[in-house]
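Below are two complexes that have chain A in common, paired first with chain B and then with chain C.
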Partner chain A sequence: MASVVAAKPAAAPLSGDRARSRRIVDRIATASLWTAASAVVAMLIAFVIYVFVQGYSAISWHFLTGYPQSAVAGGGVGPEIFNSFYILLLTLCFTLPIAVLAGVFLQEYAGPGRFRDLVQFSAESLATVPSIVMGLFGLIVFVQLFHWHFTALGGALTLTLLNLPAMMRVTQESLAGVPNTYREASMALGATKWQSVLRAILPSAIGPLTTGVVLVSGRIFGETAALIFTAGSSVSFGASAYDFNPFHTAETLAVHLYSTQREALVPDATQIANGSALVLLVMVLLFNVVARIVGRQLTQRFTGKAS
Partner chain B sequence: MVEPQQSRLPALRSKMKIDDLNVYYGSFHAMKHASLDVPDRHVMALIGPSGCGKSTFLRALNRMHDLTPGARVTGTVTLDGNDIYAPGIDPVTVRHRIGMVFQRPNPFPKSIYENVVYGPKIHGEGNAKRLAEICERSLRAAALWDEAKDRLHRSALDLSGGQQQRLCIARVLAVEPEVILMDEPASALDPIATSKIEDLIGELKKDYTVIIVTHSMQQAARISDFTTFFLLGDLIEVGTTSEIFTRPTDKRTEDYITGRYG
Partner chain C sequence: MVGVRANKAHRDERIALGFLVTSSAIFVIAIALILAFLAVNGTALFYQDHYSPIAFLFGSDWDGFGGKFGAAPFIVGSLVATGFAILVGGPLGVAIGLFFSELAPKRVAEAFKPAIEVLVGIPSIVYGWIGLTLLVPLIARVFHAEGDGLLAAGIVLSIMILPTVISLSEDALKVVPNALREGSAALGATRWETMSRVLVPAASSGLAVAIILGIARAIGETLAVQLVLGNAAVIPGSLLTPAAALTSEIVMDMGDAPEGSAFRHALFTMALLLLLIAMCLIVLIRLALRKRS
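Right, the complex of A and B next:
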């Protein structure tokens, strides 16, 4: 075309080859996206069914509450379930205050600058450490250097290191979702920064914050590698295996699953492992469901939003 | 500074005096050498085209620029003769005495009651009976009591936009400020809600000094006693509202009033 002025394009045809082929491409794309999304759901369902079929025959009241056995069949996982919750609780006690305060600092207080970059960089680096490496660090520091041996506390502190970055990120993102107008409104009413954080900003973020915390809790609950060498792979030998002493060894359910499968002498090791896997899976799924429900409830309660 | 326009204001007690105010965002000089006396218990409207600096000027009056990274303010702003930018002055106490209502209604995601008593609570009022009194008084003063009294503990976010804005005004009144700054408080509202806000401003000036930014000249004409015109970061002219709208002294004011700046 020699003409500099572009010719007026022809009106788009209402039908014809071009329109048809575009419609076909659109359908193929829709179908592919739908298939990919369905595959995710299908995999989850298949996985749950598999674990359920494998494990359900092992489940009994005795299995859920009984003590583990070291040489004969018929051992339970009661103390392991207890230990999983106990270590989770200890971990949250350490993680939450540090992570929330650090997250508030980064999101609300720190202006751009070296210190904020340093904290952010440290958190991101910490987040990339594989859990087995963190476990070995815990082994060296808590077990050997402090001479604690395998303890619930050592395990919880190791998990704290492992999950601080995620918890901090959860806090930051929850706060980032709070509209700036709330901050302005609060400050304009003569609130100090800390009052604004405490009374306006954190309460507005309570829903996503809780959801995030419970989701991270699910991960802590299922963590294995970091605990094998720190909390140990046997339950407490104290008066009861249900033991609140943080300086006693405390094998969690996830570690039990691993150690039973790997090194147990009991004849029903596979069955116990399958049963443990099922219990673990159900617990972690529960965490996810609870996270959503509690998050929604708290949002409603603190914000009065009828959603 | 030569301020010939100031002489046109009737002799009234000044609540706030602004002298040689400059605001910078980084290297951008957003407000240049503005000086203004704000009479006590009257409504002062700040008008001008978008980007003229009227909001920038307003936010300097309760030190909101302290919260904006990179913003810098010079000059003096006095409240009853005390410089709010003097060293040792806590911006938090300044904002306690000079309240602010924003362009978009911004109630907290809490109940109506919790919104109103937010200020009194942070200033240390813990008595439930007194808080309830403050809540009722403030909602009445903001002409929202009748609509809100049966749903005080329901979410403020369920209110309409106009009700939310009156709630925000009630929330400001609850901390008993002396000056109320309003940044286009009706620009996000429909005409009926707007007229309610305007009526309310007429009531408020009996007890408060109101400084209001508005993009609507009709609104300025309806509600204000005095009007200040800004253009491109300069304070051009101030006078009684009727003077500004009928006999402006500056050509630029006249051009704006007659619609030549869009």
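Right, the complex of A and C next:
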């Protein structure tokens, strides 16, 4: 935004040695900033290529759908992928209603005051709790206190606590983008506040809201530290390893990558880890792309304008 | 008829408000419960197992089953790795924030921004895996060392805090009023002089928040660090020898420490320490922001 204003440093009446050296410093600084930003982007691209090159030979239909092995080569990650999605779904079921309602409250209802400050401060504090600490809280409550042992539900509730602040922030930011005229028009038509929220404000914020929710979902999908001691690092071996029972242990793909390098006895542990890393990375990229596309589509449908 | 509908609308309004307030209260209850449970379980080592807090904080002997819980090696490991990350990732992140806010043409920003968002989304375990299979062998070759240690952890953390620092410092710089840029240019300052002497000082409290949140991210990071640290419970003699951090040691030992044992209590104490550090950082952020307003 400022580049328009300050774009021509040389235009100022600079002359002499001092001016030349100032100009050179300016050039060097500009070049360094460009280099730094480009280097980070190049590094990301290098990471993606590296993970693809390492992992692609491990990927097969059998790997993506098969059961993990504990002692012989050739194990798959089917149940782990399933568990990752299952725990994500459970987490969203808890997180979304609470975070969206709280976001609506803070953005649309609460005037400045002690309660709003308290909620805001709690959300900020919650957001800085390290995920391993949240994992131990989940362990204390769901495993030790409730005696659930390692469960998908315990993992999902722990992830809920971990991601509530991010989801609420996403809600607040998308609501802040809705022009005030929407609120005024809706109220002028006689709608109550809640009716305005439900029929005018939320629908017009649905695009950015969805983008944010999908991006946070990507983070939930890859979360590891909070799940190791709440959802466990083994898959359920009941009737099927694709297990919908929320009270069964449920190792996710990210946790599997961890436990494979930590304690695996299988001879192809490196292969499995490489393949798991690739699947995780592809999922993160997919979440990013889907977030953008769906967000844009919804914005267009609900507000008629391209975002 | 109209009256009935209006009544219903008013009832809905009240019910909705109830849900809204309840949902908001959940945040308050959640953080209160987390603090309470960790305070109780994190101090059990002292009041139940009668282990001295001094010996915990400053002792360097760690033997979970032998009853020795000197956590100094992990505290040092966490602080050094985080310090390294901030020294490298902090200035780099602010510089890239400056790039996005002041230099990047719109099209370049549109191309680079999604990359930064992907960087946020990459799971920490994947960072750790890249670090373990790519960075650790590289360090081993360059420095003729084992490869894992605080240098590897510091580098991985520097990269991981970048997106946080970049986006927050960009936000902080963008809200600096344009009049300052114009005034500085009118006085004959070059673009770099405007950035370094006008914009950075003007945005200092926002930049401080960016750095503090980077610290929070780095000190709580677990798996990326655990994979590249080498996990040796000693105070490291150099950046190139295996070490451990608070977070990595919790993950390493939790599965082995029996419920109710002093061993497990010591790990809860380490988690409590991490939580207290995080809370201190939140207070610091509040102070930085208060200075601005």
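Quick note on the criterion: the second predicted complex is superposed on the first by the 271 of 307 C-alpha atoms of A that agree within 3 Å, B and C clash if a C-alpha of one lies under 4 Å from a C-alpha of the other, contacts with A are read in each partner's own complex, and residues count from 1 in each chain.
As a working rule, a contact is a pair of C-beta atoms (placed from the backbone, for glycine too) under 8 Å apart; a residue touches a chain by one contact, two chains touch by 3 or more.
Just so it is clear, the structure is predicted and the values come from calculations on it, not from any experiment.
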- Task: Based on the superposed arrangement around chain A, label chain B with chain C as either clash or fit.
- Result: fit
- Message: On the A-aligned overlay, A:Y182 touches which partner chain: chain B = first, chain C = second, or both, or neither?
- Response: first
- Quick one: chain B or chain C, who's touching more of chain A? C
- Can A:P203 be said to touch chain B (first), chain C (second), both, or neither? first
- State whether A:T192 touches chain B only (first), chain C only (second), both chains, or neither. both
- Considering only touches as defined above, state whether A:G16 meets chain B (first), chain C (second), both or neither. neither
- Message: Using C-alpha centres only, what angle sits at chain A with arms pointing to chain B and chain C? Round to the nearest 10 degrees.
- Response: 110
- Contacts of A:L136 with chain B and chain C, given as first, second, both or neither: second
- Message: Between chain B and chain C, whom does A:G111 touch in the aligned arrangement: first, second, both, or neither?
- Response: first
- Nearest CA pair across chain B and chain C in the overlay: distance in Å? 8
- Both chain B and chain C touch chain A at residues 192, 195
- Message: Please output the residues of chain A touching chain B within their complex, sorted ascending.
- Response: 111-112, 179, 181-192, 195, 199-200, 203-204, 302-306
- Message: Looking at the complex, which residues from chain C come into contact with chain A?
- Response: 9-10, 12-13, 16-17, 19-28, 30-34, 37-38, 41, 92, 95-96, 98-105, 111-112, 114-126, 129-130, 132-134, 159, 162, 166, 174, 178, 181-182, 184-185, 188-196, 213, 216, 219-223, 227, 247, 250-251, 254-255, 259, 267-268, 271, 274-275, 278-279, 281-282, 285
- Item | Of all residues in chain A, those that touch chain C in their complex | 1-3, 5-7, 9, 12-14, 22-23, 25-26, 29-30, 32-34, 36-37, 40-41, 43-45, 47, 50-51, 54, 97-99, 101-102, 104-106, 109-110, 115, 118-119, 121-126, 128-134, 136-137, 139-141, 144, 161, 164-165, 168, 192-195, 197, 215, 218-219, 221-225, 228-229, 233, 254, 257-258, 261, 273-274, 277, 280-281, 284-285, 287-288, 292
- Task: Provide the residue numbers of chain B that touch chain A in the complex, in ascending order.
- Result: 62, 64, 67, 69, 92-93, 95-96, 99-100, 102, 104, 106-111, 114, 118-119, 121-123, 153-158, 168, 171-172, 175
